[in-house]
Every structure is written in structure tokens, then in C-alpha cells.
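One structure, as C-alpha cells, below. Some questions next.
To keep things simple, chains are lettered A, B, C and D as they appear, and every chain counts its residues starting from 1.
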């Protein structure tokens, strides 16, 4: 997406960070050091064997394209949103490089 | 509308929330606080029962109770009960002073628990002995904290 | 003065063990929090509660910043005679509050 | 904790409210108690229409202050106003929420429902998605409740104090990275109205204690 190849180690940190990736609020996954993971969304274990990198990337960028009623936010879409707080306006949840890092990490979860 | 608490960055009252310069005590600090009371007399496990929930949804107010087996007579009673928290900013949480007029050696209060840790209760007996109990608690991370934008 | 709620049984038999409760409105500012600009919010806590029964201390508690806002504490005392149960809280910034309740012992 | 008045910290506010209730104020030098007897059941019926305008209990208290007592309105979310609404709300504890439905009020209800169902904020979430579709599941370690406002104003352990339903809703909006509605705005009162209507029949627990 950004041109630079993703770094799985950085991606893992983003996924685990509850202020950045927010992933573990809803998903659970192979993070033995992280207590209290979410039970709302599918387990991230094995996602790398269920989906290709391209499929993972698309689901992060704009999951609504696969399921319009999904609760998963679009991590790289800034239009079509209502009442976004001023400090988050026109900003994607994650940058292109961060998304590459997350994709690279999730692809390792075979 | 600015309320008193909104000008404070942290959404919780403890210093656990990754504050700049966040600090916590240590098991060693608890040992030291205990030694300051016991003067080095070893505290035995038993007779003391420390009650706290194993799983804490919000560390700002946690019901904590301590009871000690004792006849609470003039000759044999609990003089004091102390509670310690190694992962709070300060090791000492609360100390209570009792006597034969207490009838029972017990109290309960509401405390702040900064993080997952093992709380320690220490009872000081009229015969000079010390007894203790400890309980492990897990503090969950609040998902939607009120915060400044 | 701060608002306080105490619970003392109105009547009891001599020798009964009474359950007492004391709740008081107070922020219990820990002294470890910082404002947005990084300044430390000064500590402002209640440091001590003393309960006296007809003037004699029957219970005392030392509070630290680990005590939750609006402190509540419950404890026991033996009913000995009719009279007055008094609770006195003292703390930082010259904080002081007193609440009392009568008790009749038969 | 909430059902025992001796340990419910919100009772400190209720007692303040009781004192304020009996205190004369304003140019009219009148106390609430000079006009009103008990307020049993009142909190269970708010928000409600007042001269064609939808107002919540806090706003209704302020109308009494400005119109009857000739006193300045209390600031929303101030200790005094929360104390009065807790004192009034306490008198309806145990009574079922009783929101009137009417043709006149229907637009407000529809508008509140629409806000409940509208996706908002950078995280693009509606209230419904979590509090209806996923209630009972866990967001991080915390169970998601069904969003029934049965205990407001509440003593929230996170706040270490008393707060209104609007303050709680503001938290939620900040959580989904949306710009919160202003306190007392029609949007907030309509949402409050819809939530109370949705909880109709449930018993009030005011003042409740929540994590």
C-alpha cells in the first residue's frame, strides 16, 4: 500500500495496542501477555491460513465492502463518516505503513 | 462544561494509567513497610483473612475486608491491621487500630487498586506476634475511559 | 462542612457487638495525578478517622491515597453503656469533620 | 452497594439535594418544598413535553428555578443540579419507568431512535451495533450492557462521583471518536427520551452505582 514492506514485529505491537490498533477490544488472538481480549469478533488465530495478504489488507482498509453491516471500522477510509471528533477528522485510524505492518503480522498467524 | 475531573489527564485516580512518570511501589517496598511495623519479627501465615474480589472491573473503588481470628479479650486481642499493595504508588493502603472493645477483629473499606497484584494484610497481636494473609487480584482494563479529546 | 453518613444502631443490649459504618464526601486526591500541562495535582486526602464512644477511642483508621474517593469504612464495637458515638475525620488542608449519633444500651 | 443507603456514596448527593430542596432561593424567595409535596414517580416520567418542548428532569428543575423561584438556572452537571435530580430520582426508586407516548412527542422519539441507530465517529459505530446486537459480549474484558438508563444520575466508580445520563452518553461518543452533542442539546434529550422509552416498565434504581 505504502510501498514499504510491512514489519511483523511492529504490526504485532499495533494489534496489541488498545489505543492504536484497538484490535483486541473485539478480537482475541495469540497474545498470552495481553489480558482481557474481546469476544465480539473472530479469533485472529490462524487468520494467515484462512486469508491471503491481499484479503487481509482489504478487510482492514474497508471491511464494509465484504459485509455492509459489520461493526469493524474501516481503518483507511475518511469519507462517509458522521460527526467525527475534530482531532480525528480526515485522519485514517491507521496509516498506510501501519496497515502494511499489521498485514505482515497477521499473515504469520498460520 | 468543565468538571473538576476533566482537567486531569488520567481517567483513573491511581497512577497506573501510563502517566508520565508513573510510579509504583514494589514487593521490596512492601517488605520494608512491613519491617517498619514488625521490627523484623517474622509474620506467620494464618489467622488473617483478606477478602478482595479476584477480578476487578474498575480499580477506583474495590471492596476490601479483613478479619482476624481472635477472642478480642484484654489478654488476647488484635491491636492493629495493616493492608499493603505492592503495585500501587505507595505500599501502604490503610491501617486500623483495634482493641478488646472492638468485639470482633474485622473491618471493611473501599480502596484503589492500581494494577494486577498480590495484596497483603498484616495483623499485629497483643502478644507481640504478627500474622498475615495475601490475595491475588486481577484488574481489567477499562475499555472506554472518559478522556480529553 | 463535608457531608457524612454514619450508621449506628439506636438501641442495643449490653455486650452486643455493634456494626458501625462511616461514609464521607471527599475527593481523596492522591497526589500522583497530573494535569494536561504535566503539573502534579497536589495531594488532598483524609488521613485519619477516629471513633470515640462516650469520649473513649474505640477505633482508629489511618488512610492513605489508596482509599477510594468518598471513603467508607465499617467496623465493630461492643455496646457498653448509653451515650454518644462520635466520628471525627481529619486530613490535608486542615480538613476536619465530625458526626455523632446517640445510642441507648439496655 | 447501591441498595444499601449506608454504603451507597451517591447518598451523599441525595442528602445535599434534600437540603437544597428545603432552602429558599431566588427573587421569589421560595423553596422547592414550598410548592411541592413528595416527588414520587416524577423521575420515572422524564424526559417529557413542557410547552411543546422536550425537557429532561434537570432542565425541568431549571425551569422551576427560573420561572417560579426567579433564580438563575443551575449549570448542567453541577453538583447542585445533580444533587436535586438524585434527591428527586431517589423518590421513584423501585417504580417502573413510565414514558408517555403521544402524537406530539412522536417526532422526538423518532429522532432519538434515529440517533441510537446512526453510525458515528471515526470508528463508525452506532449505539445499536454494540448495545443491542452484541450486548452480553465482552469489549476487551468488559461485558457490554443493554444500555437501559435505569439508575441515573449514577455514581460511577470511574468518575468517583455522580454524573448524568448525558455525561455517560458523552463518554460513549468520545469512545467511538465522535464529537459529542452539547450538554442539554435537543439531540441529547431526544436520545435520552428514546432510551427511557426503550426501558419503559423497568424499575428505577436511582441513584445507582456502576463501574
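Simple rule for what comes next: contacts are C-beta pairs under 8 Å (C-beta built on N, C-alpha and C of every residue); 3 or more make two chains touch, one makes a residue touch a chain.
No experiment lies behind these values; they were computed from the predicted model shown.
Once the centre of each chain is set as its mean CA position, chain A and chain B turn out to be 39 Å apart. Chain A and chain D have Cα centroids lying 36 Å from one another.
If you average the Cα atoms of chain C and of chain D, the two centres end up 31 Å apart. With centres set at the average Cα position, the gap from chain A to chain C is 50 Å.
Multi-chain contact residues of chain C, defined as those touching 2 or more other chains: 27-28, 68-69, 72, 74.
Looking at chain D, residues 139-142, 157, 160-161, 174 sit in touch with two or more other chains. Multi-chain contact residues of chain B, defined as those touching 2 or more other chains: 13, 60-61, 140-141, 143, 149. In terms of which chains touch, the assembly is arranged in some other way, matching none of the line, ring, star or all-to-all patterns.
Listed by label, the pairs of touching chains are A-B, A-D, B-C, B-D, C-D.
Those residues of chain D that touch chain A in the shared complex are 118-125, 129-130, 133-134, 137-142, 144, 173-174, 177-180. Partner chain D is touched in their complex by these residues of chain B: 1, 3, 5, 11-13, 57-58, 60-61, 63, 140-147, 149. For chain B in complex with chain C, the touching residues are 4, 7-10, 13-15, 19-21, 23, 60-62, 85, 88-90, 92-104, 106-113, 148.
On the chain A side of its complex with chain B, the touching residues are 18, 25, 35-36, 85-87.
Residues of chain D that touch chain C in their complex: 5-7, 9, 11-12, 15-16, 157, 160-161.
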